[in-house]
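Dropping the structures in below, format is structure tokens.
Next, two complexes with chain A in common: one pairs it with chain B, the other with chain C.
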Partner chain A sequence: MGLEKFKDRNVGTQNYIKLDLTHPPKDGWSKFKQVLSRAVQPELFVGLWVTLREMNNALFRGKMHTTQYPLEKLPISPRYRAIHDMLRLLESGHYRCIGCGLCEKICISNCISMDTRYDENQRKEVSEYTINFGRCIFCGYCAEVCPELAIVHGGRYENASEQRASFSLFEDMLTPIDNLNLQQEYQGFGAISPNADDNIKKTPLAY
Partner chain B sequence: MDATILPEVTAVGVIIKAVLILAVISAIAGFGTYIERKVLAFMQRRLGPQHVGPYGLLQLAADGIKLFTKEDIIPQHANKIIFSVAPAITAATAFIALAAVPVFPDFTIPFVDVFVPSIASDVNVGILFVLGMMAAGLYGPLLAGMAQSNKWGIIGSARTAIQFLSYEVVTGLSLLAPIMMVGSLSFVDFNDYQSDGTWLVVYQPVAFVLFLIAGYAETNRTPFDLLEHEAEIVSGYVTEYSGMRWGMFFIGEYANMITIGVIASVVFLGGYNDWWIFAGWFMILAKIAFSFFFMLWVRAAWPHVRPDQLMWLCWKVLMPLAVINVVITGLVMMAG
Partner chain C sequence: MLLHIDGGSIMSSIRKNEQKAITITIDGKSCSGVFGQTILQIARENGIYIPTMCYLTKVLPIASCRMCVVDVEGVDGLILSCQERAVDGAVVTTQNAELYKERQNIMKLYNVNHPLECGVCDQSGECDLQNKTMEFGLEGQNFTAKEPSRPVQNWGFVSYDPALCIMCEKCVRVSTEITGDEALKVKFGGYSSTIENVKQDKNFATLGEAASVCPVGALVDTSFKYSANAWELTKVPSSCPHCGGGHDVTYETKNGKVYRVSNEAEFSTMCSASRYGFDFVNEGVTKDKEAFNKAIEAFSSAKSIIFSKEISNEEALILQKLKELKGYKLISNEARAYQKFMSAYSSISGKALYSGTEDTLSKSRAIIVLGTRINDDAPTIKYSINKASKHHRARVCYMHPIEDNNIQNIVTQFIKYDAMSEEGVVALLAYTLLKDKELPSEVRAILDDLDIGNLSAESNIGEEELETLRKSLIKKVGYSLVVGADLYSHPRAENIAKMVALIEKYAGFNVICVPPAGNGMGISLICDLDDTVEGATIGYNVKGDFTLSAFGGGDLDMPSLIQQEGTLTSIGKRVVPINVALNYGGYVLNNIANALGLNSQYTIDYTKQLPIEKGFKAIEFDFLPNSFDITGKENRGYLLSEIEVSQDGTIEEPVEVEGIDGAVVYNCNPQEHFSPFTAKSKILPNNPYLLGSKQFSTASKLNDGDSVKFVIDNIEFTRVFKIDTSLKGTIALNPTYDMGLSTALLSSYRFSRLEKIGS
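On to the complex of A and B.
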């Protein structure tokens, strides 16, 4: 067997539908023929049929597109970068943040500000931690750089509030201690959305 | 039908019918906006108005409250009198046109035994009257666009002039062939002509299609809604309007849609004659409803045409076809 078959890189051309790029009509008779053939083509009725079919699909086959947003929500991807969460250690319940300050250093919009001190056991303790969400661009560097997976991006995207400060304190972002069993671990940068299977579609070539 | 007033036609009856037409048609015209939004939404697989009332039915009331309570803005350099009067022209002519179209078969009110001819006034030039009124309606958009000192309005009114005037010709010529066959201008005679069950659309399919196309152009419906084409001229002749004045334009437009539906039903589609097991009043309601639905359906399916295409279609295609149709109808009638 030769290699010609594998050297043929022209793989996508077989099923292309070529446009009819013939020359436009020149004399009156062929123009008239073109007008006539276009006039009797049932394209307008194809349009009517398509809209009627879609109405049938929507009403009787449950293919309505609309998501009634405040009442139903689509699942968001674990990679989504919304308001940050501060996670706790599952065993002790203590917050994971070790006060290293890397997130403050890497933040490209300078919106994280933190202050630390030594507690009585000479361990670093976070005394102040705020994120200015008026400046945060949700780039995700802070979550990426965090050595302890302490700061991650959560899924809280509905951040309408009377003031931005309502989200930005350490205690606001920290997992409540009584919800520790519900704490979601960050699934990693390659994680797919929970409804990824439903979103799989045929590629256009397969239609 | 002779011009003498029938004994049953009393002044009180006419006034009651006029008030009924005004109330019912404006309610239906308002309801039509809801239907239009719903149907268009379904055809695009959306839900449409959903939250005000069950299935969004009270959206109509919400819109009404909004339109009534909105501030009435008259632009600084507008001609205030004409600017204020123009919406009334559109709404009034649309309702006046409905005076001469019959909607239901004549009936007798039970218990009180009052015979009611279901037409406000059976003028013997009914078709001319209705067409004339709809043609007079063009003064609404025309004056509105010119009075508001806005360039989009000016373009809109220029388009009004070319579109409505041109398609008036096609409407008249396409209705001429049925008029020749029936030999009368009264809508009641048209209805009675088709009482044997054969609709006029069987004899005059070309005239029917031409009338529909021209009717869409005259009611400013989608393939031809160049007067307020959002993508090109913001909102055309209604650019500067707001609140109730804007609402009157739309009540007029929807009333005109109903009028076109009634004319198409009575002249071409058998009117309010009984058909098979269905009563006449049901048949005409079904026909008008389908005609209304078809307007929305077309709006969902078909794109706009350009103004030059509109003119091309009118003068080079539709008008010759209409004239040929009239000539052939005349020849056949002379031969037969």
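On to the complex of A and C.
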């Protein structure tokens, strides 16, 4: 048996209902009339009016709605999980990390690697600490497991750089010592955003 | 109902009843044991759990923690199961509400002010205190105490944090009863009791053994401290490749690097070389086809293979098979000397191997050590001697030309003899020990023929010294004799061996002939060694015309013993497995052997082919066990079977030899070093000084700090001379471990006259 039978699509009875549509215009003049009647409607000017009004508001009345990124940035939620921050102790300025290795252990994409050593003050010192951001899935387990609130997720979401290494070293993530007063305490996973009050709106039913 | 272990009369009654089977009931289960065993021992043998904090199987019961308390029917109060010997028919309860409360209270006290630094503590994850705190459900600290200032102390190899210390005293006991450095002591003072290091200036590497039994993070290796967490490390079980003891080691690795070496510290003890000398890996080796082809070429034109003793049994068998195939001469000097010594020895004793074991040695009541600086040559044997001394108050007679200050604490009699007079010394010893024994007439005739006065004068041993020795042994039971490398390299080694065998055979001594470090014993059993080199040579870890080397510097790289599978033969006459802890990317000896006509996929295929007629067993490598059971019974590899040989040896009369006078050097490595492999360690001190006394300084006209050049066996040594005030006499110690590819070429008698060359 050949394939012909399979290719034959005219099988069975078709019950198509033909719609009673007007016939498409035939000559040039009636085609032009159809275009014109469809394009030029009063609603066009209603739409244009909104645009003109908002343009006027934005340019001349100071009511801009777009965020001028990168000159301007929106506040992000404290729950946002971006590039990690290494925090310092506020009192001494020493980094908080005690080198317990729990973040390294818990990391499910195996992207944290650290080395520690016995330092001159007979304390445990973190001698190497890197996060491979090519692997990191920003799951937040490292921040959750950290007993010292030393490693947290920061708000640094701009991950474009000439080198990936620009993010991954301990020193890059560590709060700069001269910015210690600006160090933000991590609010935790259930934290609400700082502008949460402003974001509260009436439920649709109340309109 | 119960006996306490103290008291002489009780001890003797115990001895009488030894091996008598008893039955006690523990938690309703009928358990059998042997008279003299403690309740805890019987419980553990029968799989019953009694919690302990301070109990350490390998030392005497410490009884400082009181966690092991049990209830015994008919006895008032709680009983410490770790130190109470069980009596027949006792009914013991190990778990009830009262005992739980008692143990919980102990744990509460242990937790008083214990720093909550588990996050950084090295012991975290394998900490007894953590485990027991969880076990007894402690969620908070109920009491507190005023915390004295207790700074962390760095003692060199180990560091001590008194704040973490729970005063279980295990470390003190190991330092005293096992390693014998006696550096650690308890400083009593109630809550502010601490452990102190009374010999800090000595910086004993053996303190690592004390650190290994610490249940908490108080005493840890300085080299490991804070470098990794216990749970991050991959544990690779293996055996010590350095000292010849073949004791168990576990390499703990992470990211292709060994972080530390641990062991089953509850039962066994390591030498410092394997504890700290683990970084001898041959790194970054790839398959160098060109060098390999050159090696094949070199093998086809070579007539001899010279090799060091740091190779596995399998490699030794490959070399032996190559010899059978291609007719190479196999040269391995120290192993050859040992092989000759043992074959002469067995021609009298009738057994291929010596009779003693480390276990019988550590239970001996009298020990004679002869011809070896035992503390440096075989530290694990010294541990056993120390154990015998501490546990059984054994008499230890140390016979050597140089007094050893490090074992002064256990030696009860030091007999000094002149270097080179070993044959006379052994003859005198045999004469003394066999004086009142029943002997076959021909042996008696040989001993009676000895010119005792002459021998005594030649060796410089007073007859009264031997008489003292003989008298001190009279009332003792269980004798051991340990002989070592001085005898093997002696020109009259074979006759010495025969006389030592007499002592084993007729005086009832357990003799241990300490094999050369590394795998000297394995090589001597497997290889048919030759005496002289012929033609072009292949060197394996030795300088040859073509050099294979596992520590770099050769023509073709080989894997070090940390990078290959195989077996080693130990002092305990045990064949023990070694495993791959770190990867190796180059060629191995088996590749060369295959290219030369042997056929075997892996080196370990040779494990089951090891010569059965020498005592090996046909067991596949993969079926070799490597563990201890709960009672501490070693279940690692297998024991060599006892092989009977014909007793056709005849003893000759001692020959008069010329003594060595003037300034003499003695080839002897420090306790932590054995070979160029340990020399690679970054943790062990690497100061190969020529150490001598003030007297030696005068005799050799060398001052402290002088550089001196001399030649032994055509190997040129350049050494800085240092005066060691603990030494006496005109014999200096010359380390050989750092001589790289030349180390294994040394073959002559260990004592030699200092022949300075140049200036």
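Here is the rule we use: the second predicted complex is superposed on the first by the 142 of 207 C-alpha atoms of A that agree within 3 Å, B and C clash if a C-alpha of one lies under 4 Å from a C-alpha of the other, contacts with A are read in each partner's own complex, and residues count from 1 in each chain.
Just so we're on the same page, a residue touches a chain if its C-beta (ideal position, glycine included) is under 8 Å from a C-beta of that chain, and two chains touch if they have at least 3 such contacts.
Because the structure is a prediction, the values reported are computed rather than measured.
When the two structures are aligned on the shared chain, A:98 is found in touch with chain C, with no touch to chain B. With both structures placed on the common chain, the touch criterion links A:122 to chain C but leaves chain B unconnected. When the shared chain is aligned, chain B comes close enough to touch A:68, but chain C does not. Of the two partner chains, neither chain B nor chain C is touched by A:36. Within the superposed three-chain model, A:147 lies in touch with chain C and out of touch with chain B [touch as defined at top].
Once the two complexes are laid over each other on the shared chain, residue contacts for A:177 go to neither chain B nor chain C.
By the touch criterion defined above, A:57 lies against chain B but remains apart from chain C after alignment on the C-alpha atoms of chain A.
By the document's definition of touching, of the two partners only chain B reaches A:48; chain C does not. Contact residues of chain A toward chain B in the complex are 44, 47-48, 50-52, 54-55, 57-59, 63-66, 68. Chain B makes touch with chain A in their complex at residues 39, 42-47, 50, 297-298, 300-302.
Residues of chain A touching chain C in their complex: 98-102, 104-105, 115-119, 122-125, 147-148. Against chain A, the residues of chain C that register as touching in their complex are 119-120, 152, 154, 159, 222, 225-229, 231-232.
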